[in-house]
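Accompanying notes for the structure given below.
Chain nomenclature is as follows: A, B and C, assigned in order of appearance, with residue numbering initiated at 1 for each chain independently.
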């Protein structure tokens, strides 16, 4: 029972800030106040009508989708090669892919920023897309590895015996069986990229202004309740995406929890 | 309709010898059971035949064509895996049709073949069901239908029924046997269960430590085990070290009378095979019988009574139908005899 | 079998990772030896100036301060997450899913959003101070941020979800019979976690604390949003040098120092988890 009480307090600590933000976002007042005295959806109106906010949303979505495509393709390639060859080189490549999550993002961000400036792509959205795609690859890499682990040898042998070429094996057996893992990886990378601030800001934050960058700049240099509605937009998108994953896959098992309990 | 010849097949995994010099002729349409305990090399041999494993020595010929250069998928071999290895993302029909698709066989021909196989394996009505929703027995049928779809020259099965309960296993065994006769496909079936091998095979091949101990019909294997391993593995036989001369058969100081029956013409040290069910028991010490002993274990298994009888240190096994012999219990003194006509000495161990 | 395609694919993947992940890091190390130039980004040179500046006092101080606040928050995060997960895995599967989605959301949500939410909650006009003021508990309500405490709350919130999610499968899948055995041997139920569960997980927790330390080392938004300038961490300094003062070589040198600290910690955590397996 003590455990339950502790969990309730924890739940409050996690959720309370967002309740306040939600309250602010539906208040009519021009300054940030809680609880709201008058209700209005005007700040959501501003978010979805003012071109600078719309532009930031558009940029963020574009980066998220692009980064997710790069990340998942790379994760698939690395895992496929590891599965087919299982050489020391392929294991090393896999380990290298785990690297970005082991370093503080500021180091990656600074490195990427110097690199893109040198290449001459400073300010180009492609730079942010590629760097997000590379730095977030760890997550789909691990998720897709679980997918390949679920491919048992005998299924592959059975297909090979029946005459499937490596390409046919890939398209008719491997791909259909790991698709849920690819999708999960895709959604996770898209969400993380959509929310990422530091790397995007260091690479070309002044020119390619994503939604998190815009919110942060707003907070740092005087802010209006639009920020609250933008934040709630984020929360909604993120939670919805995760609930969708949870409904289409066994999320708990995907995380590695035992099947029945 | 194909015959398979193995000559001198050998395989090592690192330092362990999985198969040593295995030679075997399999006739067209024959049903062979590879029988042995786990680790005897039976699955390795099957995988070499399927082309999933390469052998280090020896050669395989299918219809007089060497197999070593032929990759697995060009051998036209149907295999049922121990785990079945059904494709979880395909439904019943698609699982069966997979091999046909890989051969780019036309849709119509594929459909016709799938319909035929569904009927053959009793799966009509399950065409679009997902394989995950099937019962154990139904999954077996899908695996069998899938392996047979391409009219394989060889049909291989790797302990397919080991995970099923006894009743269902019995039923499927009979179906497989019927199907095999009907299609006359050369079949190799791996199992560790001797009763399964006995009921299915035209010929049983018993493997031990990577080599063939004995190959023969179920009846031959049962009645004439050629090696100590086979005699002990099949039917729990009692092995008695005896010495035969012109006038008497001697065992541990017992005189078993003059040589008669199938051992009449044997001499010297021999290993006598006495099957548990050929022993006759009397519920008291009786020097007119061959041996005297003490019951150390007694149990009833269904219709049978089984006893362990200690005869001067060697434990002999005794089996009889209930009520067909005397009632004995643990600690009772008993005496044993047998009819010499059905007995047999191991040929490899005469001295 | 034709292994040409997977080999090429493997080389490509390796190449991509090298160019976009390793090369920038290597380049950063190179830049850390360049000379700062207020007009351009940097001047190609080979100098230890930047490292000398680092060891001159101020940045060393920042480093120690950073290590302290990061270490404290990492320990708090892991203890909180471990305690919470022990209770969460006892819930029904439905509630477990609820918590997992909640934690995943927290993990995915931008630092910016989480920081902003706490900023509002701690602010004078909309948050807890206002509530306390209205209730008459606090006569003179003032904003609770920026402050060291606010920054710590922000850091702990960020790390908590990650650690909980890593611990979840391990705690959910643990062999509970050991704890049951301890109870049948006379351990009072409330002491079982302390006497049995905690020692079993100790090595995992230490490795996780080290990993968390590295993660929190790189957090930028929380210190800036919720902390006072005197609480700012190395990450903030690096970003300020690189973006604000346009002194990229010094920023790079600071980042290299952080890279070395990170590497040492990763080796340490590797050593800890190795030891567990033996």
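One rule holds in what follows: a residue touches a chain if its C-beta (ideal position, glycine included) is under 8 Å from a C-beta of that chain, and two chains touch if they have at least 3 such contacts.
No experiment lies behind these values; they were computed from the predicted model shown.
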> Starting at chain A, what is the smallest number of hops through touching chains needed to reach chain C?
Replying inline: 1
>> If I average the Cα coordinates per chain and compare with the overall Cα mean, which chain comes out closest?
In response: A
> So which chain is farthest from chain B, going by the mean of the CA atoms in each chain?
Replying inline: C
> Which two chains are joined by the greatest number of C-beta pairs in contact?
Replying inline: A-C
>> Centroid from C-alpha atoms only, then distance chain A to chain C, rounded to Å. What do you get?
In response: 17
> Approximately how many whole Å separate the CA-defined centres of chain B and chain C?
Replying inline: 61
>> Suppose each chain is reduced to the average of its Cα coordinates; what separation in Å results between chain A and chain B?
In response: 56
>> Could you list, by residue number, the parts of chain B that touch chain A in their complex?
In response: 50-52, 72-74, 77, 79, 81-89, 98-99, 101-103, 146, 150
>> Considering only the defined contacts, which chain C positions touch chain A in the complex?
In response: 1-3, 5-7, 9-10, 12-14, 16-18, 20-25, 27-28, 31, 41, 80, 83-84, 86-91, 93, 96-97, 100-102, 104-106, 108-121, 123, 125-127, 130, 157, 165, 168-169, 172-173, 211, 214-215, 217-221, 224-225, 234-235, 238-239, 242-243, 248, 251-252, 255, 258-259, 262, 266
> Which of the residues in chain A end up touching chain C in this complex?
Replying inline: 3-4, 6-7, 10-11, 13-14, 16-18, 20-21, 23-24, 31-34, 74, 77-78, 80-81, 84-85, 87, 89-90, 92-93, 96-97, 99-100, 102-115, 117-118, 130-131, 134-135, 137, 166, 188, 191-192, 194-198, 201-202, 205, 212, 215-216, 219-220, 227-228, 231, 234-235, 238-239, 242-243, 246, 251-252, 255-258, 261
> For chain A, which residues count as touching chain B in their complex?
Replying inline: 152, 154-155, 157-165, 168, 172-173, 176-177
